[in-house]
């Protein structure tokens, strides 16, 4: 059974009395902001200043607190213990969650789980829902998706996929190598993307499957995932038929169910962190002087602050308008995918500029790793590459515009 | 009587039957787009290619057609013959109007009249409404606002205002020099901003007042206003008490009523023109080849097209979110003014980039003045200066952020 | 006889006594700067403010003055009445000439004549030298080069050339259509680029040839050429064998002799104009106040001035280093062509930024066409397109780097 | 005795026979390039991939090899075992050294020693030369300069200096706190900048002085200095009169002797590393495919490569022209200081762009810390802050331009 993910609480036909008990997205965002401020920032300080690892112990501690605060699961369905928000509502809440580097993790909307929740909600049958989606949405387990492959396999171009699953009498045998498999270390299961005779197919592989080996953790600049990004090998990895997620041969279509939402939630979370860097730097220069006046009175510093404000305002507006497209037309629509590509390209670059200016506004302290903005900058570098590199997205955006114009001509 | 401008049809308590007859902003935008395509573009061609002057004959011809098409007056109140849209609705309609360089003029929402309509709706008494606002909103006459002065008078800084109005037994005598008085030539009246003993005051000066002399038309790069931008001299210019607009000494406050809306309508109109340049250039490169393939298959050209798409999407989203602030908090609120500054700065720069890329995508033809994109680029240069230069706005934006952060600290 | 253009006075074996009498490039630059200041700027004012056309009367008046001042012909050979400078020397002199929009014309080093002088010096036989090069170098006549064609002919891609010259018993018959033929109106002769059976060939076509028709002057944004840019039609245009410039079939090779030098002289002249805009804007903001202090004390204005200074310094340095490559390796060398592409791309964009900031620093006056910076900006728009559009040059630069790296690997 | 640093071998009156034996800067650059390739890159790999610390053991190993290869000490005087190059010569050699992250250290021209060598050569008396400069120039020891202080002390603004040295009968007693004291850990001596009654004075403090305490090593993003950047406390630190470097009260003047050269050598070294990142990324995309063709044939990738080529060419040219100013006018001249500020601002930003594009061209691998470009990017972030933050330099550049224009008016 392929269930429909319920995109919007607004479109649900819920009884009025139930509805009235549900806090508005604005209220949830305010709660989330307060939760992050009170409960997450002290832990973030341990991570950034004291080097506490972002592991599952930390995740569980934070998620427990998020549940207590009623802010857990902004994009999980209500029946899975989440807040059941549509994308517009989520935009508010997840920007609030993003005000800490580990806020998204705390509320269970960080990559790759947030995208996988969308995908599973879209493609799971009943049993898979019970076994995979429910515990994932509840934060009981983590997941991974094994898509990207080392050259000459699939990087930006999914058609270059080299991992193969062969059908046998008992199920499937998967062989192939992956890397950048986010969260693989410590995940309960991994969604493996593989070629089959009928096209690309998705498989749910339990972590204890002896045919799947999580290898080296890649030393990426970002450290904000509990499981990091790993190399993964599938060596005669045997899975049963029930491991097929969605339909055989329609894996790339199903994967689209996670693509646009993932890109947009990435934007939401990083926008939140950009607002934090903006505030930190505005505060920093208010408290320091140079050349006879507070730095906050130097025109060039004011200009940097203004540019941050502008980049943040434009990012927020673009996220909201894109969320509206996803809510109204569904994440699989061509418009939603295009809008998410546009938003992801813009916001990934805009927040990078904000972090960069924040470092510059902090002066020498801005490059000290125990200062937040230095860490934010380094963590953010991958944002322009993960979930679609800016150049690949621009290529896709440009070609769609050109196709549309030619078709309309 | 200082009337309240009715910002939003949505907040009006109109009878349901009337409401149902009113087309939605989306419908009005579609109509406007069709009107511009069918009726305005042929005239635009006469202007850009054949050099037809953008004078009042052209204006009256176009506005007559707009009235017939039911798309006249997007931001005028319904009782003045307008569509009575709030800012969000206007954003849709005025972007559509802006798809031609002369579209805003055609629907009577081009500077300075659009801003003056806001100001008059905010500050006129009953008699002034009848005499000034009504004919202006109906497109019967044009208006001007004489604010900016030659150095060392008021440019960006209103506190440097040098024009003075002295109270006499019979009224007031104004003396001072202005320039960049948009639309002064051919206007029916000019709103003069002058210092009085009690502060800055606004005066409605009829064009036939012998004390007001419209001088040299300034040779600005933009030619898209019927009256151009003129030097204006007030020499012992006598006006009665009834010429005072709003309250004596509160002129700068009143002027705020036009500021944020003017900035935002500027954005809407120029965004419309940017979408046109975007479409023209995408079409242009689809039809030409170089180095063995259509230009539309060259990666760098695709990149320019994508950047245009991104700039346009971000501008549109930011305009919409800013319009929401103006609609919900009113144009005089601090948030609305800040948001309008942010939007104006971003959009003015974004559309400039779009026009610039459009020229580049057109190659040599892009710098021929009989090609639209060349003309658009030249006309657009002033957008980063008029209604608040980018640097002045950034200064204001940055300082507000810093004040807010310090206050919250 | 194909003569070698003498690239450098430094490599000439001239008698010491003669050498000592020749002023240094530094001295020539100082003289040129003074000449432009004293003699050219008053005429430039007539052009920009009073609308005096940049025609041949103006050219002859200015060139007469340049000859009297001993600054005529920076890149013409000494035997043709020029200063015989190499590219490094010319860089100094032509930046000085460029400090006025019409300075390059005054000293006879403006497009297309400067490039044509290089080409003719490279490819003329003795008779052609006497008949075409000598009077051109002496400023007695102007010339044109008819290369670019309307689509689907040759734009950026010379392989798309459609103009054809067929050999007959008496010579050649040329047929084809050109546009953007700079200086065609009023030129004494035009170099026509055409396909022949043996490859691309260059032809010297006298202006009174009845088969060559100079058509519409194209309404380009730039007006700084006496003859403008025209459409030109070759209709059964008969020319004798002696009209062949250089060798039959080697026209594109010969054209390279003008390409790198033309690109670099373009940079030199526009750098000169950028220094002028820089100085004008620094002076402008020194004399005006806003918000209680001189604009020159506002940090954001200081930042714009600094950015102009940086762009100018980097442009000048890059021009000088590129000139060294041309001098030492010759303009036909692969390194010289690459370096000139790099310099042209950078400088065309850098000077554009300078003009744009200069406009912004002038505020409203910056967009008045009777102010120099407004005119400079508009004139400069074509610089990123003429002589190789930035995108085409980037494409060429990138591919050469990639080829080199792969070859070395 | 204040000796004059010998800026240029070219200006030395050395016997011809000695001169002839000295290799040219071009030859030295080629040797250095080969040395880095053969001897330094393997060690760099240990550092970046295997995490080998950049400590003194590594430094001594590399410097021994550099001495054997005859490329040690590009900017040390010949009598101190260096190559005695002027800035133009050094530009070639140090760009070559910079092709590895640890190349500058290998040839003894990395911060802060390179700048300190300039300063000591400028200000040491004979005994100080023997005791401090000679072993430093020979690579026997390292040094530090304790200038920057925690807020509210001296950051960008030297007038905010809070460290104080009081004269006593036996010498001086220094008290104050510093941070960002580069190389303090493990240095043989530290140059302390302190206020005295007669103005700012420099003191040579031996590392074993019990009054100087090297504290916490600051966790900066860059790790390319053997001693890192430390907090340093001077607590009743007693030094004799002979510890005064140069003249009492003229410390800031003396410090200028290191400022412009330090800024320029920083540019040289980082330019070298940018050329490396450029080459690595061009090679990377040549070997990979996506969407059916090698990435090197994608127009947007070619555009990034071209932009890197352009930024590198402009940086190199600007470094060379600035080196000429330093060589010809001396590093203390106003022109040299201005030119070095311009070059430092431009190059620091240009190389950052190059590293950033290199990461993007590497895709996911570009953000893996065991890939060079990821490490280069992170190391490079501080370059826009150390030795003068871009904003402070722009402020200084802009104001100088404005002063000059006003003076000339």
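Going by the order they are written in, the chains are A, B, C and D; count residues from 1 in each one.
Just so we're on the same page, contacts are C-beta pairs under 8 Å (C-beta built on N, C-alpha and C of every residue); 3 or more make two chains touch, one makes a residue touch a chain.
Since we're looking at a predicted model, the values are computed, not measured.
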item	value
More contacts between chains, A-C or A-D	A-D
Farthest chain relative to chain A (centres taken as mean CA coordinates)	C
Computed distance of Cα centres, chain D from chain A, in Å	40
Mean-CA-position distance for chain C and chain A (Å)	52
Chain A, residues touching no fewer than two other chains	298-304, 391, 394-395
Chain C residues within the chain A interface of the complex	298-303
Residue ranges of chain B in contact with chain C within the complex	148, 151-152, 155-157, 159-160, 179-180, 218-222, 287-292, 298, 300-301, 304, 359-360, 363-364, 366-370, 374, 377-378, 381-382, 384-386, 389-392, 394-395
Sites on chain C touched by chain D in the complex	278-279, 282-283, 285-286, 296, 299, 301-310, 313-318, 320-322, 339, 342-343, 345-346, 391, 393-395, 397-399, 401-402, 405-406, 409
